[in-house]
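Heads up, the next two complexes both have chain A, just with different partners, chain B and then chain C.
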Partner chain A sequence: MHIPDGLMDPTVLVIGWLIALPVVAYAIYKVSKTIDEKAVPFMAVLAAGIFIAQMLNFPVGGGTTGHLIGATLACILLGFYGSVVVMTVILVIQCLVFGDGGLTALGLNLLNMAVIAPIATAAVLWALKGRRQYTATFTASWLAVFLAATACALQLAFSYDLSGGDYGIEGVIVIPSMMAWHALIGIGEGIITTGIVAFLSKVSPESLKMQIGRKDEVDTGGKEVAA
Partner chain B sequence: MGFHFQYRGSYRGACRAWHLNTRLKERLSMAFGHDEIDKYAKASRFYSFDPRVKLASTIMFVIAVALLRDIAILFWALLFIVLLIEVSGVPLLHIAENYAIVFPFILFAALTMLFTSGPESALAIAMRITTSVLALLLMIATTPFFDTLRALRWFKVPPLICNLVMFTYRFIFVLLDEMGRMRLARKSRGFTGGRSLLDKEAFKTISYTIGMVFVRSNVRAGKIYDALLSRGYSGEIKTLTLLKVRARDAVMGLLYVSLSAYLIASQLGVVPWTS
Partner chain C sequence: MEKRYLKAIAALFVIFAIGLVGFYAYSAMYGDGLEKVMEENGVSEGEPVWTAPLDYGDGYGGSLLMGIIGFFVVMLVFVGLYLLVRSRKRAGHSQ
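Then we have the complex of A and B:
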């Protein structure tokens, strides 16, 4: 789902930057104001962990594999603003160090994976208010993947229409295929994220309490998630 | 570690086994790519060029390429970047390997384009993505990681993001080692990877592996932070050398600027295009 350069219509690229950048900037502002220095290595470890989790393929069926996005995991461990920052860092490294995802397309990639996915997660977690830990985690992960993929498909379709067939991929093809495929991948993400949360709440419940960026919720948030 | 049991009584044998072990370890860490990223940066002719110029030039070129629709103009852009890769001295195989990762995506986009808008648009989109990807790969292959980071800092990327990028990059390799060891352990217990989404055991194993990586890395992050503090870390990156734009950097920047301007001008029809 990492969009390369040259695929999208320039107008769509600009729109992506215009929506993603303010959200990311606000999240950075929020996080830098609330965290102490000691939290930076911890956030980085989580970012590296998610980066590596993204490299671990899980089987989908028919010999194909999918991989995690990890936004939900980041959101559960760090809170909304923390997860936006962590996903931004991951995308910047993937773009500038590994050439995965384009420079001009970074705005759209940020929008899909560092803004839409955490918002979907935060919305589900907020709606369930910390109850039904495993159901909430599974639903949030599935929805995050599904919405991010849908957004990506819509951007491709919009590019195609806007440029009169010079950029993007036609909506009739890309929207159903991306949505169906990622509905499946979302299940994998849901199972794995739920598994990780279950594992962490058993083995190391303190790691579920690192709610960076919303310090006032640390006590209650931690207890509810770990309960 | 296990050589005590295999070579009981024979010191030389134990030594040999230990050497084998370290060689194996080197192999393993190479396989997981510690030096992969910066491997060709030092060998390249563009290695010591100013990273800010490289980054800015690449961004500008990629933006220019994103605006191109004409195959003839795209051809010159592609030719320019291929020539530049040739001049840079980065092994073509290295670029090709990285390009191969993106290739299925290009193929998919071009194939659907072929059926919806015709062969010309399909070729144009394939060339456009290829040119931009090659430009980005060239920059990455010729710039060491820390130079990229300093360029980002100079371009006023917030310190929080820069620090996190630096730490994350460091930790990726630490965790890769951790992951490699756990993969080996998993494999030796007979884990094969599972077949489909219904494979409950496979998912349990994968989740627990990732969970364990987080637990281990949390402990490690604490130790690393303490080590940093004792070395005087205060949250700011300090480097010994200063960045400086020299004549060759200016030449390179100018080359990129003039070509990008020319490409856009010919796409807009300002410059009469003869082909």
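Then we have the complex of A and C:
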């Protein structure tokens, strides 16, 4: 779901930067103020792990593939602000070092995958606070992918309308297509994320309680994890 | 770095090496959701504004190497963060 250069209308690109940058800057500020240096190696391994996981596309049928975004996993393990920072580092490296996602579109990619996906995750985990951990994890993962893709589709549709068809794709086509494909991809994200959380809850339950930024911002049902 | 993180890194490399086999067997020839929608609508990528020094590689060996390089580039950024946090904490303690 990495948007390349030349696909979006310049106005939409600027709006992406204007929304994403303050959120990313505030997340970096919060993390730098509150992070314990002991948490940094965990954050590093998690981020690097998400980076390589994003290279492993899985088939979803119809000649399409998807890959883990990882925002939900990061949000569960590090909290909202930590996940924004981790996703930002990954997306910037993918763009600048590997050419995955355009430089002009980096603001939109940050908005979709480093801001909207963690917000969706935090919202679901907050709404399902105290409920079954794995159900919350799966639902958050699916919704994070679905909403990030829907945002991308809306950006393509706005680009099409603003440019008179020079950029983007017509909304009536792109919105249902992106939503349909990513509804499937989100299932893969949900299965992988829930599997990893289930594994960590068995082998390293303390890793599910490492919240950075604000201790109480995400609660995935700590009692179940501890048990 | 603690032993458990070194074990986790080794485990991630093994999973990545195995996962890449599956990627090249089933997925490498297809695009992701956005690429599929672009293809269906005859939309192609524009010229990149920035030319990245690396890419994800075309074959198994190349992708494995690029994944490992990317892994360590990401780690390196967090080493920078670690040094920053540590120096700030030490400065805080000395005051």
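Heads up, the rule we're going with is that the second predicted complex is superposed on the first by the 207 of 227 C-alpha atoms of A that agree within 3 Å, B and C clash if a C-alpha of one lies under 4 Å from a C-alpha of the other, contacts with A are read in each partner's own complex, and residues count from 1 in each chain.
By definition in this document, a contact is a pair of C-beta atoms (placed from the backbone, for glycine too) under 8 Å apart; a residue touches a chain by one contact, two chains touch by 3 or more.
Here the structure is a predicted model, which means the values were calculated and not measured.
Steric overlap between chain B and chain C is present once the structures are superposed on chain A.
Judged by the touch definition given at the top, the superposed model places A:67 against chain C, while chain B stays out of reach.
Look at A:32: by the touch rule set out above, it reaches both chain B and chain C. In the superposed pair of complexes, A:195 makes contact with chain B only, with no contact to chain C. When the two complexes are overlaid on their common chain A, residue A:187 makes contact with chain B while staying clear of chain C.
Once chain A of one complex is fitted onto chain A of the other, the partner contacts of A:174 extend to both chain B and chain C. Once the two complexes are overlaid on the shared chain, A:88 sits against chain B while remaining clear of chain C. Shared-chain residue A:166: touches chain B; no touch with chain C.
By the touch criterion defined above, A:152 lies against chain C but remains apart from chain B after alignment on the C-alpha atoms of chain A. When both complexes are overlaid on chain A, the residue A:10 reaches chain B alone and has no touch with chain C.
Shared contact residues of chain A with chain B and chain C: 4-7, 32, 37, 40-45, 47-49, 51-53, 56, 58-60, 62, 89-90, 93, 95-100, 102-104, 169-170, 173-174, 204. Residues 4-8, 10, 13, 28, 31-32, 37-38, 40-49, 51-53, 56, 58-62, 85-86, 88-90, 92-93, 95-100, 102-104, 160, 165-167, 169-170, 173-174, 184, 187-188, 191-196, 198-200, 203-204, 207 of chain A are the ones touching chain B in the complex. Of all the residues in chain B, the ones that touch chain A in their complex are 37, 58-59, 62-63, 65-67, 69, 98, 101-102, 105-106, 108-109, 112-113, 116-117, 121, 124-125, 128-133, 135-137, 140, 145, 148, 152, 158-161, 163-172, 174-176, 179, 193-199, 202-204, 206-215, 217-218, 220-222, 224-225, 228, 235. Partner chain C is touched in their complex by these residues of chain A: 1-7, 32, 35, 37, 40-45, 47-49, 51-53, 55-60, 62-67, 89-90, 93-100, 102-104, 149, 152-153, 169-170, 173-174, 177-178, 181-182, 185, 204. Contact residues on chain C toward chain A in their complex (touch as defined above): 1-2, 4-5, 8-9, 12, 16, 19-20, 22-23, 26-28, 30-34, 36-38, 40-41, 43, 45-56, 63, 66-67, 70-75, 77-79, 81-82, 84-86, 88-89.
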